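A short write-up of the structure that comes next.
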Amino acid sequence: MKVGFIGLGNMGGGMASNILKAGHEVTVYNRTSAKAEALAAQGAKVALRIAGACGGDVVVTMLANDAAVEEVAYGDGGVLASLARGATHVSSSTISVALSRRLAADHKAAGQRYVAAPVFGRPEMAAAGKLFVIAAGQPEAIETAGPVFEAVGQRTFVVSENSEAANLVKLSGNFLIASVIESLGEALALVGKGGVDQRLYLDMLTSTLFSAPIYKTYGTLIVEKKFEPAGFAASLGQKDIRLALAAAEALRVPMPVASLLRDRFLTLLAHGGDKLDWSAIGNLAAADAGEGKG
Amino acid sequence: MKVGFIGLGNMGGGMASNILKAGHEVTVYNRTSAKAEALAAQGAKVALRIAGACGGDVVVTMLANDAAVEEVAYGDGGVLASLARGATHVSSSTISVALSRRLAADHKAAGQRYVAAPVFGRPEMAAAGKLFVIAAGQPEAIETAGPVFEAVGQRTFVVSENSEAANLVKLSGNFLIASVIESLGEALALVGKGGVDQRLYLDMLTSTLFSAPIYKTYGTLIVEKKFEPAGFAASLGQKDIRLALAAAEALRVPMPVASLLRDRFLTLLAHGGDKLDWSAIGNLAAADAGEGKG
Amino acid sequence: MKVGFIGLGNMGGGMASNILKAGHEVTVYNRTSAKAEALAAQGAKVALRIAGACGGDVVVTMLANDAAVEEVAYGDGGVLASLARGATHVSSSTISVALSRRLAADHKAAGQRYVAAPVFGRPEMAAAGKLFVIAAGQPEAIETAGPVFEAVGQRTFVVSENSEAANLVKLSGNFLIASVIESLGEALALVGKGGVDQRLYLDMLTSTLFSAPIYKTYGTLIVEKKFEPAGFAASLGQKDIRLALAAAEALRVPMPVASLLRDRFLTLLAHGGDKLDWSAIGNLAAADAGEGKG
Amino acid sequence: MKVGFIGLGNMGGGMASNILKAGHEVTVYNRTSAKAEALAAQGAKVALRIAGACGGDVVVTMLANDAAVEEVAYGDGGVLASLARGATHVSSSTISVALSRRLAADHKAAGQRYVAAPVFGRPEMAAAGKLFVIAAGQPEAIETAGPVFEAVGQRTFVVSENSEAANLVKLSGNFLIASVIESLGEALALVGKGGVDQRLYLDMLTSTLFSAPIYKTYGTLIVEKKFEPAGFAASLGQKDIRLALAAAEALRVPMPVASLLRDRFLTLLAHGGDKLDWSAIGNLAAADAGEGKG
């Protein structure tokens, strides 16, 4: 299959590489071309303009935020203007529900197909082709994109025929992860100030009721206060909570834990934490409890 | 070993039974004697007064709350008055940090030993001898109680020589579980109102990042609105959040998620939910979002 | 002075009327012309297009939200296209800080002047010319607009030369009012469920420490559950809290009470409360406490 | 009238002085006798034991917290043991609803009368006889205590025949004041970080919609960061929010703003703020926004 891939950041680089390895013909485009070279070395063609990556059956976009996706999709010579009728745009970026809805409508109007397919997993999972893909869209379009999903992920969940549902699910998932970070941060602050060894405590939690890997991953980062380098930056975490709250507002769903997370992220950013790992919000409960920054 | 066991409720009954099965000589006491009969049928001796269960090396108490433990420990003919010097009181009830501290001091003054050993696990795990035991106290006392822990649990975590630390850890654990219920409730309300199938969503979560059994257990209860009969009653959940907040106040640790949970439980109880499973707070986000109780 | 006035709603109608009464030559424009007739009867000229209201020294806009202001300002034949160089746009609508900043820049680029001048006061205060005007902008522009402010208000507060500051102040003021509503709602729910007569309680509060009129106004609405007709609709209250939170996010200021208010408004709207007075959020604490809506 | 007065702190000293000035025969008792001397110089008799202050028609207690009142009321030779049948105990301390209920029952059983009569006002208002008295109890007892209320206050509000209602009202009032402090703190943090002069802003607020003196009083303390010496210590504010939450829990009334205040006070105390004025919580929003403590 001929696949275009736009956006070769921490996540996109690994994804494009795995699509290549799966035997597809891949044309990559990145705003700064340096990152495209590594893919070229693996056999990818390098497009110098967005349109150059839109000539196949499928083009995947994996970009940082709404603004980047808007520019790539709607700009002069962008995806909407370049993609053939009947071809499919797979949007894997974590974007707002509102933008995903708009893309769905505009691709439809242009006779093109659109699948929202955000992913769960950190960069090392992207590199290993072990992401979880959350896909939504018309069945034929999802079927077309199937080989791409198989290449980048260990499992695909088709959650709806309504593409924006995938973005909603992705945002809700990041909300759940952030809520684990916050709750763990509060519990660790409590037992730590109470004299319990935090590593022992975390080992107990993750050996018993809280065996999901995220508890171990994020609990360890909080206990060790190891927030650099960021696996997922606080500024991105803040963005995702904002998008979750925006979706919740549109649906009129009050989410008090999400509201609390919003304030935690703003506190972190107000203190210069943009580039820390988002798990750094898990340190704020201890800071409020006077335990310092350690 | 000669073991006394006081408190044969949903949890205590299973625990006493497993201590019997492990070959110990067990004398049980329960305020209402009917529950003692089942244990007698399994070979336990039945004491008619508290003192009758305090004649061995170890007496275990597994009671509903601080008031019950205070009565059993400090009442006329209670554990403190009846236990031999050098014998050990193992307190497995989920009680306040303050009462645990007081028990430690008073047992010490009486020449007795005290181990706080609350447990994690629902009644079916108690029946199966698969609880997780969180123990704290002087090493010799914990060693003495070791065979009891082996009989009732699948694993024991010794968290401190300071007995009250075990109660703090237990309360923090229940806080973490309740925070999972609340966060799941918010996420389910969001995606549900957004048109995503909640069962499919929950399956996705528990197959990927949220693989710990509590997500499946509680998520299913919330999705199916199956809050009766209660595995763990909302009134007990409310009590535990209150105790966690009391411990946090004494240590001066602000815990905003715990504060939110406090308000959720009060809302539930104000609407007559005392006897519902505590996971019913996971339905309140949807109720606030206008999704009804149905 | 020749003054244009665009937006003759509950607030704008009274304001325009008072500018007329002060002796200025007023040309009004309203999207639906019916509302302009009442002003015509008072001596106003009626413009059929926006441009027709932009021919004087000053044009005042008083519209419902960002979208309405954007359309009037940036649309074909809008204020920006129609206002003479050196003339002044006085924006009294409660709009976002971001839009106010954008208007300031674009008017400057067009050689026009811009003053942000949102007002405090309910419709009866607008009718009586008793509003409080919060003005910000370049001193000369504020001086030009001075006679307009005198006509509509009892007092003008010039808060900054930076026009967007006035919008920030206005939004923060509405946040403070909403926080009074919420706090009163919680206190009334508490003492009411405790058996205290709520009217007596409110009389005590407003006779002692809480003598500001808003406590009496909103407390009475809450106690009497008199939320219709709305003096200020919940949907507008929700919008203003959203704008306050957006401004706070841009400035990285966590505001937990504002976050709580956000969730309260969403709960109200999710239950169909869009057209209720915004003080209806003051009934939610009692509802959570099981006191019904009755 | 013969009046006993127990508790000559910042508030009690002024109150006792005003009862003397009104012409009553006053016998004072204070745990540390130094404070009694000033009253003796004004004509008061000084009792060396609690019983010595309980020989008249009325005894007023004005103490710091539940523990102090419990000791004075229930200790050997305490108020309950010393007061004549038919005599009246006026409890003006800010205590828990639960303790007030217990005192009512025990005084009744002893054939004595009990009036709960907490007061609003800072020490300077106590010295000036300008307090607001919130009274509850049986009408005859309140009538008996009337001359005392007239001596210490500018106005008395009888809120219920059920004495504990007065304590509930007092706690709810302190909750409302604290919520004003928090809301002002958030608003000031927002506009301050947005470049608005905070003094100008506060002047605008208090000249318009927020004319109640508490806005000026507390707003000025926050803007000037003048938290020492404390008019009302943060440790006492924390206690009152705790008592309000305890009363709300007993009545099953969720109060999210009170929960937030709880966390704010714990944060303040965790950073050593016990002796600061309670308005120091109004500085925490700015601190979270990175505006420092300076």
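Labels for the chains are A, B, C and D, by order of writing; each one numbers its residues from 1.
One rule holds for everything that comes next: contacts are C-beta pairs under 8 Å (C-beta built on N, C-alpha and C of every residue); 3 or more make two chains touch, one makes a residue touch a chain.
From a predicted model like this one, the values you see are computed outputs, not experimental measurements.
*Asks:* Measuring centre to centre with C-alpha atoms, which chain is farthest from chain C?
*Replies:* B
*Asks:* Which pair wins on C-beta contacts, B-C or A-B?
*Replies:* Between the chain pairs B-C and A-B, A-B carries more contacts.
*Asks:* Taking each chain's centre as its mean C-alpha position, how far apart are chain A and chain C in Å?
*Replies:* Computed from C-alpha means, the inter-chain centre distance equals 39 Å.
*Asks:* How many angstrom between the C-alpha centroids of chain C and chain B?
*Replies:* The mean C-alpha positions of chain B and chain C differ by 53 Å.
*Asks:* How many Å are there between the centre of chain A and the centre of chain B, using C-alpha atoms for each centre?
*Replies:* For chain A versus chain B, the centre distance works out to 38 Å.
*Asks:* What residues in chain C touch two or more of the other chains?
*Replies:* In chain C, 248, 252-256, 260, 263, 266-267, 270, 288-290 touch at least two other chains.
*Asks:* Which label fits the chain touch graph of this model best, line, ring, star, complete or other?
*Replies:* Basically all the chains touch each other, so complete.
*Asks:* Can you check the complex and tell me which residues of chain A touch chain D?
*Replies:* Answer in residue numbers: 256, 263, 266-267, 270-272, 288-290.
*Asks:* Once bound in the complex, which stretches of chain C touch chain A?
*Replies:* 242, 245, 248-249, 252-256, 259-260, 262-264, 266-267, 269-270
*Asks:* Which chain A residues qualify as touching chain B in the complex?
*Replies:* 97, 120, 132, 134, 155, 157, 159-160, 162, 164-165, 168-169, 172-173, 175-177, 179-180, 182-184, 186-187, 189-191, 193-197, 200-201, 203-205, 207-215, 244, 247-248, 251-258, 260, 285, 288-290
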